[in-house]
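Below is one structure. I have some questions about it.
Read from first to last, the chains carry the letters A, B, C, D and E; within each, the first residue is number 1.
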Amino acid sequence: MSLLSVSDLDAGYGDLQILQSIDLTVDAGEYVTIVGPNGAGKSTAMKAICSVADVMGGSVQFDDVDITGVQQSDVIRHGLSYVPQNGNVFESMTVQENLEMGGYILDEIPQERFDAVYDRFPVLRERTDQTVGTMSGGQRQMVAMGQALMLDPQLLLLDEPSAGLAPDLVDEMFDKIDEINDGGTAILMVEQNAKEALRRCDRGYVLAQGKNYHEGPGRELLDDEQVRQDFLGG
Amino acid sequence: TGGDSSDGDYTIEIGTLLPESGQLSGIGTTMVDAADLAFSTVDDGADSLGVDATLGDSQSTPEDGISTANNLANSGVPAVVGGASTNVHISAAEQVFIPNGMCACSPSATAVSITQMADDDLLFRTTPSDALQGQVMAEYATEEMGAQTAAVLHVNDDYGSALSGAFVSAFEEAGGTVQQEVSYETAATSYTSRIESAVQDDPDLLSVIGYAESGIQLFRDYYAQYSASRDIMTVDGLNTARIPNEVGREMDNVVGTAPMAQGPGRDAFTSMYQEEFDAEPGPFNGATFDAAAVLMLANAAAGENDGAAISEQMRAVTSEGELTVSPDNIAEGVEAAYNGDDVGYQGASSQVSFDDNGDLVTGTYEVWAYAPDTERGIETIETFTV
Amino acid sequence: MSRLDPIVDGVRERLTDDSRSDASIIVGTMLAVYALYLLFGLGMGFNFNGQINALQRITFLTAVFAMAGLALNLQWGYTGLFNVGIAGFMAIGVYAMGIATAPVDPESASAVPGLGLPVPIGIGLGILAAAVAGLLISLPALRLKADYLAIVTLGFSEIIRLSFSSSTLTEFTVGGATMGTGGNSGLNLAGDPSKLVRTFYETGFGVAALDGISDGIIAAFASVGIERPVAVNLTYTVLVVGLLILVYFLIQRLGNSPFGRTLRAIREDEETTRALGKNTQLMKAKSFVIGCGLLGLAAIFWQGSRGLTTPDTYLIELTVFVWIVVIIGGTGSNTGTVLGAALFVSLLQEGPRFLRSVIQNTVDVPRAPASIGEAVGALGGGDPFPLVSYVFDQLAALQFVVLGFVLIVIVQQRPKGLMGHRKEPASTLDLTKPRPTSDSEGPGSEVPSDD
Amino acid sequence: MPLSRRFTDAGVGQTLRRNYVEAIFVGFVALLGVDLLFSLATGSLPLSRFATYVWDGLIIGLALGLAGIGLSLTYSILGFANVAHGDTITTGAFIGWGVTFVLFGFGDAAIGELLLLGVGGDLSASDLGITLTARPLAVAVGLVLTAAITAGLSLGLDRYVFEPLRDATSMIVLIASVGVAFLLRYALVFFYKPSQRSLVAQPETAVFGTADGVPVIAGSRQALQNGEAFVEIPVAIGSGTNALLQVNAHQLLLVAVAIGLMIGLHVLLQRTKLGKSMRAMADNDDLARTRGIPTERVIRWTWVIGGTTSGVAGFLIVLERGTMSFQFGWLLLLLIFAAVVLGGIGSIYGAIVGGIIVGLTTTVSLVWLPEATFARPVAFLIMILVLVVRPKGLFGGRVVG
Amino acid sequence: MTERSSSGEAVTDPKLSVTGLEKTFDGITAVDGVSFDVQAGEMTGLIGPNGAGKSTTFNCITNLIEPDAGSVVFDGQDVTGLPTHRVARTGLVRTFQIARELREMTVLENMMVSSKEQTESAIHAVTPGLRENVRTEEEAILEQAWETLEFFDIEHVAHEYAGTLSGGQRKLLELARALMADPDMLLLDEPFAGVNPTLEERLLDRLHALTDQGYTFLIVEHDIDLIMNNCVRVLVMHQGQLLAEGAPETVRDDERVIDAYLGGEAAQ
């Protein structure tokens, strides 16, 4: 049984429909990547799953619970943690406070959680009291990831986690995602760094113009000439 | 409404432009009552005549006043009791009354500047101008209270500034020294600093020019810190019986001046008012009644609902005539005037006689003090006629 | 959501129907307003001239509020400048005009002397003064973010109002010329612009030909039963409406031009706009100054025609009213602003007053009890009339309660204002068209225009 | 908006320009200070008068600041300037005092009359004799009641007015709050009539001064003159008998509560989970929801806290002034805004400090001003100058706290 | 002017010359005495770890943040301390790392705002005769805007509010809009982060074409292959300082660069 199963999903913003009957599944512990051109609806799919965008039809099942259109603030309580593409940090708050907000739904955040995040992103440890709005693009991305990792989610939704990261950090980021995945957390990730992402994931989806376009194991998509040509940049 | 039955061959059209709401609604509503009393007395009492009164609310602001005045004009009202405050009166006159040839008689607009308006002789008032009250204040202060030095604390608006100015010049003319002239905004959080500023040179007399609303707070602040034995002189704005009670003091060091309903018809008016409303008439009520009465008389004498014609009769009906009209026989008087008889009105507030500018020839003022033990709560100490 | 929905939808449908030109939307609204006021007039027993005059007054107020609203729309709707000092700029315009035109030797001793300039020059100076005040305040203030700019302008307008009420400035002498604000008693406006119209009818400005024309106009009005005072008012209102049309096209053209486009960009993100090579400070200052000048203009033709202006006219409420006009009309939309002015004046400002008068004129209500407590007590005793008369007695207060309520409902039902959904063009060209195909003749070919 | 914050740091040129203005500003203030000292030394400005100005200004300022805390809070967290703030305070105070009157004046007058604070009857002023020292229970209960009622009122307003406008721009919400302001203010007129009324008896006072050159504290000026001091500091510093400054119990209560609330709220916002989630929501409400923060509940808490402080402010201001009218909140609003903005929107300390500056300016400026009318303009002028030097207010820059 | 050339050949006047740039934010020195030149008609890369100070350098060059010290010479003209818009007017235009679209304007309007060929005076907007001239101008701008949008593959959203664009589309708009300003030199801050690789290749082709026409580019980018394959020269920043510069190969093999950036043990 899939951990996340999205079926026949229509979604968009207000009156504007972007997604047309999208199907998506993520199994427990699985690592799934979505790729596609700009404006394809990848982020919208993520947002629809997390009740940020408006669901117009279809359903989202998580862990056998129907979470279609539940309160946005309740999504995380079901065990999904989402890192948006834009606006993924609290700019006016310090690094430490950002992490605290990541663990908001816990009554008491154990110190180990902070340590775990700081171990993963040592840069942040030096800057616990810096206001995130003044940090560099890459540093913010780390804060955003760290925030999502303050909980131990069953499924982590990442929207372009490597964007803006220096190469060593990109590798590190992917390694860390692997690690997280190895720890049993399922991953659903959108990436424009598509080749790397597809190489590492279990399965991939290609979205284009709001529709499912392709689906298959990551390697297979990588090897698909048509997909390469159209979406992965040759 | 004053009564809109037209139980005769002629209906007098008349309107009011008074502050039923807004800042001045406190005195404004009783003024409307007084006007209405005049209208309904005539309407009910005169057999051959009816009165159709349109009550307009100026809401205490010029802008609303103009709108309401326009409505009066649009209804074909030829004569208006009002406006009450100076700025409403001037604006409405400039914009509406004068262009439309309406006759307006204000019971309470006291500014000196109204005297000289180019008004086609359409504007009258049944209250004396500020200059006179300033004189009375100064005279009483220097002569009766023996004050040589004074400080003024006045509300920062039209009324306060003008009266303060009139008092200061009269007081200095009378040989006194005004040490400080301090203004204040209504509803300030605290008046302590302003009071401190005003009394810094320890004047013989503190003159407080303002309204009841801010006056309560101001006097509380005063008594909290300053001598309850210093002479204080205030004005008609604070001529409200409940003030000592609200301030929580006897306030026996306070006297005030106010234009006074001291006409020959005053007693008659007071008893009519009491019978109707079960209360003492308040400030400007007599003047309002007079304005309404005179306009109705003039209208009847003119025999047509036309502003210019009415204004032409204003002086005729207020100078001595064969039939002396006063508040208690106003209905009879109006009827007589309509029938072409020579009538002469003797007002509740004053003799009522207009000079060339439409101002009162004389003004009567009272000097009053709070008297919590009396029924009215205020007693008249002395009257002045200037 | 509510029973209002069908109505709102209906209105929306009409408004979104692009085939309806802006002019017809405004004319349609005004006609509806007129119909309402004719009913009011019937209720108040207005005669023919009265009815005309009432419609005239509604039109006049609509026009001046629309002018002020358009000026604010330029500042806020286009440029994002949060001007809450409207009353102050208006005051400066009117006072400058008044001081400039007051006679050097006034006849009445209590009147304040002035510079004795002719009325048209006074009007020009008034507008200029408001614009210059805008410039002065914009130098330091435009560096500030929206909310802070707001409080600065708000403080500025209070400074102006209170200074005009001070006795120190009541009369002063500069360079030998004596002038003043008249303090709290206000300033007599010798330069009352409506006097231009009156003089035209009275003397034709001393020109025989004009006098002949003006007599002819009066005769024409008389022939349809319109009396002279009403005719004079009507003429003035037509003049003001003419000005409004001028201002409307001015703002409209400023808006759909590269100038307006850059203003919008500033509203969105000033820093980015600067990075694109725009002198945002200068553009903001221009927009602010033009807006302030127009506020002065609106105020002169509105307050200036009252013959007297007093400092307490320029309380914060005035500023709030102009804002309400723009917000209910739809920020950024000029047509919406005019519409907003019509609705504000007819429904929120004048409407309740008329309604109250109609009620007072038609119903005879007994004396109200002294407090609501008594009224409710009587109700408990089975007598509803004291409560009824108490309510009647308090209609003036209830009028504002209703104003507040209506405002909330409007804002909730149409959070973008009546016409805020419309995308106003930000170019001299029509940008909503799909791309002109490359095989058309290119530049110079038929590109439909907006005006 | 948030993005730009990253790049708004001023550089060399601007700093210089600003320092220039700042220098002039500081220089001018210093000059005034010297002049003040000189006047005090020569006695042309009696110390007692100066002390009165300062104390009066301080009380006004703290009242403004106290009332400003709630405004600052909702302003920064909900992102709009609540024009109805003043009228919410007034409404809360009217109802709160009314209920207090009913509870503690029961039997003295008809319940309706008590509830309406004397409308239509003879009840007035000191009739109930409420002061902090004479009836502390009434004051305590009234304070709590008013706070609770104002909080409830704020919640109600949020539910019916502001909640449907969550997605609207801040300007729209501001206009809605203008509607609320009108509605509340004139509803008060409808029920309570427009007249000013006094609700409190004269409180206990203490007068600081010297008796025969010895510093003393007495119960009143009269007592001091009569030599009936209750505290004497046996050090002769002169020879005369002078009253320097008079304070009363209600003013002291106002000072204590203002400072207490300021610190308490600052800690609340900086340290507690609720405070942090408020700030998170103000920063990025979408992300806040994604992180599981129930933003609706946070908004309601914001109103509750803002309403409670506003209620406390309203009650204490009325207690201190002794009188109340339907306009008092509205008339204070402008100065409250000035205080909040001067201090920096969102800063709790800023609201209090801003309030004190505004309050002091309106009183101490009387030393120099030719005409008292200019006192308020000067306060606004100072606010504008401060903003030119520090565009985000004295404590500005951070969102909350 | 400092004589700094990487390979020792005779230097033509550089297009952009930055000397001794410094910027400190309360305690954190973001840029610490950076000096470099960029040659005209070249595509130069600027790389470095996150937080190295690249974006801040851009901000200082364009004076969006006033530098604490240092000078910037563009095209032989000292632009240090010039207001941001004046810097842009000289032909030096930048993009933002986090795209800053004008949200409530359409994509097309975003593009048109950018053009520097427009007469933005109020007088021209309202005066009949002058307005006609403006229109001819506008037609050309519109044409150019459409062309550029088409190239960036976002012409189908031309009428949408820019605020509704997807993340990648925003980056595209950011770049397209900068080109619309008709600059001589572009400072691009991670223009391709989040852009689909296929599209990225096409865009790079375009940039090369522009370089051939004489445009100059300074690109911040973390995609190292992209930098290596497309830039003639690479600057490497680390902790606010210039760590290395030179041809891509040289830089790539530089120990310090490998350590600091390309991935060794030491992440930052």
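Note that a residue touches a chain if its C-beta (ideal position, glycine included) is under 8 Å from a C-beta of that chain, and two chains touch if they have at least 3 such contacts.
These numbers come from a predicted model, not from an experiment.
S.K.: Which chains sit in contact with both members of the pair subunit B and subunit D?
M.R.: Expected: C.
S.K.: From the centre of subunit A, which other chain's Cα mean sits the farthest off?
M.R.: So the chain farthest away from subunit A turns out to be B.
S.K.: Hey, how far is the Cα centre of subunit A from the one of subunit E, in Å?
M.R.: 29
S.K.: Per the centroid of Cα atoms for each chain, what is the distance between subunit A and subunit B, given in Å?
M.R.: Their C-alpha centroids are separated by 77 Å.
S.K.: Roughly how far is subunit C from subunit D, going centre to centre by Cα mean, in whole Å?
M.R.: Distance between chain centres: 34 Å.
S.K.: Could you give the separation in Å between the centres of subunit B and subunit C, each centre being the mean of its C-alpha atoms?
M.R.: 34
S.K.: Where in subunit B do residues touch two or more other chains at once?
M.R.: 25, 156, 183, in rising order.
S.K.: Could you check subunit C for residues that touch two or more other chains and list them?
M.R.: 162, 165, 167, 269, 271, 397, 399
S.K.: Give the residues of subunit D that touch two or more other chains, as numbers and ranges in rising order.
M.R.: 3, 7, 194, 371, 373, 376
S.K.: Under the definition above, what is the set of subunit C residues touching subunit E in their complex?
M.R.: Residues of subunit C touching subunit E: 250, 253-254, 257-262, 264-265, 267-269, 271-280, 283, 286, 290, 423, 426-429, 431-432, 435-436, 442-444, 447, 449.
S.K.: Give every residue of subunit A touching subunit E within the complex, in rising order.
M.R.: Listed in rising order, the residues are 13, 16, 36-44, 85-86, 122-123, 130, 134-139, 141-142, 159-160, 163-172, 192, 194-195, 229-234.
S.K.: Where on subunit D does subunit B make contact in their complex?
M.R.: It is residues 46, 49, 52-53, 56-57, 59-60, 63-64, 122, 124-126, 194-198, 201-202, 205, 221, 246, 248, 317, 321-323, 325, 327-328, 331-332, 335, 359, 362-363, 366, 371-373, 376 of subunit D that touch subunit B.
S.K.: Mind pulling up the subunit A residues that touch subunit D in the complex?
M.R.: The touching residues are 50, 52, 71-77, 82, 84, 87-93, 97, 100-102, 104-105, 133-134, 147.
S.K.: Touching residues of subunit E toward subunit A in the complex: what are they?
M.R.: So the residues of subunit E touching subunit A come out as 25, 28, 47-52, 55, 97-98, 153-154, 157, 164-169, 171-172, 190, 193-201, 222-224, 261-264, 267-268.
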